[in-house]
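Structures given as structure tokens follow.
Okay, so chain A shows up in both of these, paired with chain B first and chain C after.
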Partner chain A sequence: MKKIWKALGSIRLTIIVLLLLVCDLAGGYASLRGSEKIFKPLNDLGLIEWISTYGKTYPGHTVWFFALFVLLFLLAVNTFVCTTDRVFVLIENRKHFLNRLRFFLKFSVHIMHYALIIILIGYLVSYLYAVTCSNMIIALNQDSMIPGTKIRVLLQSIDIDYYQGDRLDFLNDRACKVKADLLLTADDKQTSKTIGLNDPFWFKDLSFHLNDFAPRYKSGMQRQPYISLIIKKDPGMKLYFSGTVFFLAGLIMYLYQWFLLQSRKGEEI
Partner chain B sequence: MKSVCCCKSLLIACFVLLGAWLLGACSQSPENGPSFVNIGEFSIKKLPENCTEIRDGAGRILVLVPRGQKPPKGYGKNRIIETPVRRVVAYSGFNIGILKVLGAIDTLVGVTHKRDYWTIDEVVKGMDSGRIAYIGETNGIDFEKLKTIEPDLVLTWDACAISMINELGIPGVITTTGEAMDLNTRMRFARFLALFFNREREADEYVAKVQNAIKSVKDSFLNSDFDKGPRPKVIWGDIYEKRVMVEPGNSWAAEMIELAGGDYLFDDISGAS
Partner chain C sequence: MFFIRDLFYIAAFFYLLSLGICILCRGKLILFFRCLLFIGLFANLLSITGRYYFSWPLMPMYQVPFFLPLVIGVLLFKTIWHKQAGCMLLVCALCLLSMAAVFFPNDFYLPFLESRTFFSHLFFLAGIVGQACFIIAGAHALVHIRLCRTNSGNGQAQKLEKSKNRVFPGNRIRTSRWVVWGFAFWTISMFSGEIWSYLGWGSPVVWDDAAILTAMATWFYYTCFLHLHLQKMWNSQRQAYAAVFGAVLTLIFNFYPDLGKFKFPDLNHLFQSLRTIL
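Then we have the complex of A and B:
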């Protein structure tokens, strides 16, 4: 058991896994070109469903992705074992630190490493358990029920700004900004929300994202105004945001420690 | 040294597992055919009890259920389509052309172009006899009329229409995709459409016929003098009042032009049709 633990925390394993990751991702980049259609459904199908359909049917295109999982798993285990070993060593040697703050700041790197593992777990949970309604189409002044919920969404208005100018002539009359006002009804309560491009919102554990809209052109064939929403319930989101917060905290601690060391060197000179 | 051996053993074990998975993935049951087929951005997945789950061009999941059978759980009312479809409304001339090839044109009951537009005899005769109704242009569909002709299914490219169609209790399928269809997808789209009408055999025959035609075009080019000289430069698109819309390089039109010996000038552009 100790041998396995030692092997899992070995720096050699880290280097091997990182090199293999580089090779795998290079292969994946080459493989992905022209086969995006195989991977696009991963956004809404979920990992298990995707594996049983696209993943199994096109092994030549997807093998790099499965190798990536194996390698990331190894990297996470290696990081955990390596970091835990060092944390225990640090705690055992706490008596050597006269300053409590300096001792605490020594954990900064390890916090960042654990945060990385939390982020990876968050992504895995997201791929395994997120439920996505990938294309909910709502016309102007129409309401629809969100599948799997008792929430109704009404598109009250859509405000589209079209580019008008001489600087980028080819963009003239094309939509450059869009805002849509939605009325959400749940448990007999109504809530107004506004959504835009790269401007999602959260409502009752669901995240709402603007996927598409019309009309995209001011002139030409007139399309009836509508929006297409991506609605997602993602339990992994909290994990990877937490991991990000921990990573930031570790980074701030590390930078503070670095500044402390710099100022101490300055005093010695 | 021992830790190096352990590392190697671990890595080897992982890749043996991966290899075993790959072998399993590569072996498919030949008797029942593939349980999952992907046609560009469309997909077909066989479910138990002769049901089929499909993914349309907009990524929407629907289920095809034999008539009289209880649908599987987990699908909304507007995502269930009873097959074979007996009454269909189609927006696209391409879809209607495929219906003709599949021998299912007699299921067509509604179109979005006036009689003068059509060159397909069955559609012209159907409109003259009143069997096929004109439900308005695509930017002004008469949904009241659509409701009265009681279709089982609407094949459309207009995502906005789906919400209105579903409100009428009619399932809709989006037959266009975000990215332009390549030649292989365009050809095999007949297999996707055939599922709604139980015309899979006709679809296979059609696909084989088109594949032979494409091969003959390609062979003609290779055997001709064109192969030796400069290729004719070609563009494929529509000219409107304020802009020109062209087919991108990943489209079936661009591929056909290249196969026929042309030099498609927009082959470096990728995107929607």
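Then we have the complex of A and C:
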């Protein structure tokens, strides 16, 4: 058991897996270019359904993705074992640190490692359990039911700013900013929310993202005002974003340790 | 828009001139070299400021080749200004990168509305700084390799020992420092992309653009580099080769996809603009 644990935490395994990941992703790039349509539904269908449909149908294009999956799993296990070993050693040797800050900063790398595992788990949870309604179109003043829920959504108003000016020639008379007011009804309670591009909102475990809208042009044939929403229930979201925050915190700690403490003494990083 | 492109032609021209002076008059005409390089950097700065001005608040598309020479020039201003070790190599890199942007432009794409967020700009700018850091690290590593080869080739064992203490560790430390900074900026860029992607499309990974895979590959490569470096698992020579390979990988994975098809620069427009100004 000890041997397996040691082998799984080996730094050589880390290096091999990382290099294999580089090769796999390079191959994936060549495969994905021009065949994005195979991978686009992955976000909407979820991993299991995507594997049983697109994944199986286009094995030549998707084999790198399965290899990526295996390699990331190996990397996560290796990172966990290796980091846990080192954290225990660090805690055991805490008496040797006279400076508490220095001792605390020594955890920076380990925080980044654990954060990476959290991010990867978050992605896995997201691709396994997220439920997506990828294109829910709601016309102005239309009241619709969100599929799979008891939430009703009404588009109350849509406010589109059209660009008028000389600076952005390509954007003249085109929409440059959009805000839509929605009225959500759940359990006889009504809540007003505003949505925009890159400005989603959250309501009862669901996130609402503005995917498309109309009319996009001020002049020309006028289309009926509508918005298209991406509605998502993503249990992995909190995990991967907390992992991101932890990773950044670890990175800042590491840079602080390296830049301020070590460089003062002229040590090599 | 064409005026912006003209400014970049001027920048590339002055980069070339400064390289010519650097090669032909080694150690001489330093002031002239500095002036030429400064004009080149200034024209590049004006060009990219214009590019941002004419797309703000949206993110300019496929503009990395136009931004990268300036960022490298600014980050290494001191090294180039004082003509320190590797200066010629770096000026050469500036010229090659700017020439690639001049002859293979891909700046015809219009910015898209979904890029109107702080995170898209952070993704773009931090990515450029990250790439610049990786390329600079590669350049320092190349200097290290060259110095090692020159001294070992002459069979000057004592000199090698001396220079190992003086020049080589300097380049080695510089290499690893630039890699650490590059890794930090690259990570910030990737996380900004993740947040932008989530805000815009509800998913941290959008499969519309294959470039996401090369960005990840670059990140994993430098993760591997840092592991080997921090664990002290290799000698300086191997590390230097890995840094050079990393710089080449960065260019192939991240710079090359932003280039377009070959297009001869519109010099007529440049001359007309210059005539109008003069």
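Keep in mind that, in the parts below, the second predicted complex is superposed on the first by the 244 of 269 C-alpha atoms of A that agree within 3 Å, B and C clash if a C-alpha of one lies under 4 Å from a C-alpha of the other, contacts with A are read in each partner's own complex, and residues count from 1 in each chain.
Please note the rule applied: a contact is a pair of C-beta atoms (placed from the backbone, for glycine too) under 8 Å apart; a residue touches a chain by one contact, two chains touch by 3 or more.
Note that this is a predicted model, so its numbers are computed, not measured.
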{"item": "Room on chain A for both chain B and chain C (clash or fit)", "value": "fit"}
{"item": "Which of chain B and chain C A:Ile4 touches, first, second, both or neither", "value": "first"}
{"item": "Chain A-centred angle between chain C and chain B, computed on Cα centres after superposition, in steps of 10 °", "value": "100"}
{"item": "Touching partner for A:Lys40 - first (chain B), second (chain C), both, neither", "value": "both"}
{"item": "First, second, both or neither for A:Tyr123, with chain B first and chain C second", "value": "second"}
{"item": "Which superposed partner A:Ile138 touches (first chain B, second chain C, both, neither)", "value": "first"}
{"item": "Partner chain(s) touched by A:Ile146 [first = chain B, second = chain C, both, neither]", "value": "neither"}
{"item": "Touching partner for A:Ala67 - first (chain B), second (chain C), both, neither", "value": "first"}
{"item": "Partner chain in contact with A:Ile160 - chain B first, chain C second, else both or neither", "value": "neither"}
{"item": "Minimum Cα separation, chain C to chain B, after superposition on A (Å)", "value": "9"}
{"item": "Chain B and chain C footprints on chain A, overlapping residues", "value": "36, 40"}
{"item": "Chain B residues within the chain A interface of the complex", "value": "2-4, 6-7, 9-11, 14-15, 17-18, 21-22, 25-26, 34, 36-38, 40-41, 43, 45, 55, 58-60, 76, 139, 158-164, 166-167, 179, 240-243"}
{"item": "Chain C partner contacts - residues on chain A that touch it in the complex", "value": "11, 14-15, 18-19, 21-22, 25-26, 28-29, 32-33, 36, 39-40, 42-43, 109, 123, 126, 132, 167-171, 175-177, 197-200, 207, 209, 211, 230-232, 234, 237, 240-241, 244, 247-248, 251, 255, 258, 268-269"}
{"item": "Complex contacts: residues of chain C adjacent to chain A", "value": "53-55, 58, 110-111, 113-114, 116-117, 119, 169, 172-173, 176-177, 180, 184, 187-188, 191, 194-196, 198-211, 213-214, 216-217, 220-221, 223-224, 227-231, 233, 249, 253"}
{"item": "Touch list for chain A against partner chain B, complex", "value": "3-4, 6-8, 10, 12-13, 16, 20, 36-38, 40-41, 44, 52-59, 63, 66-67, 70, 74, 134-135, 137-139, 142, 144, 147, 172-173, 212, 214, 219-226, 228"}
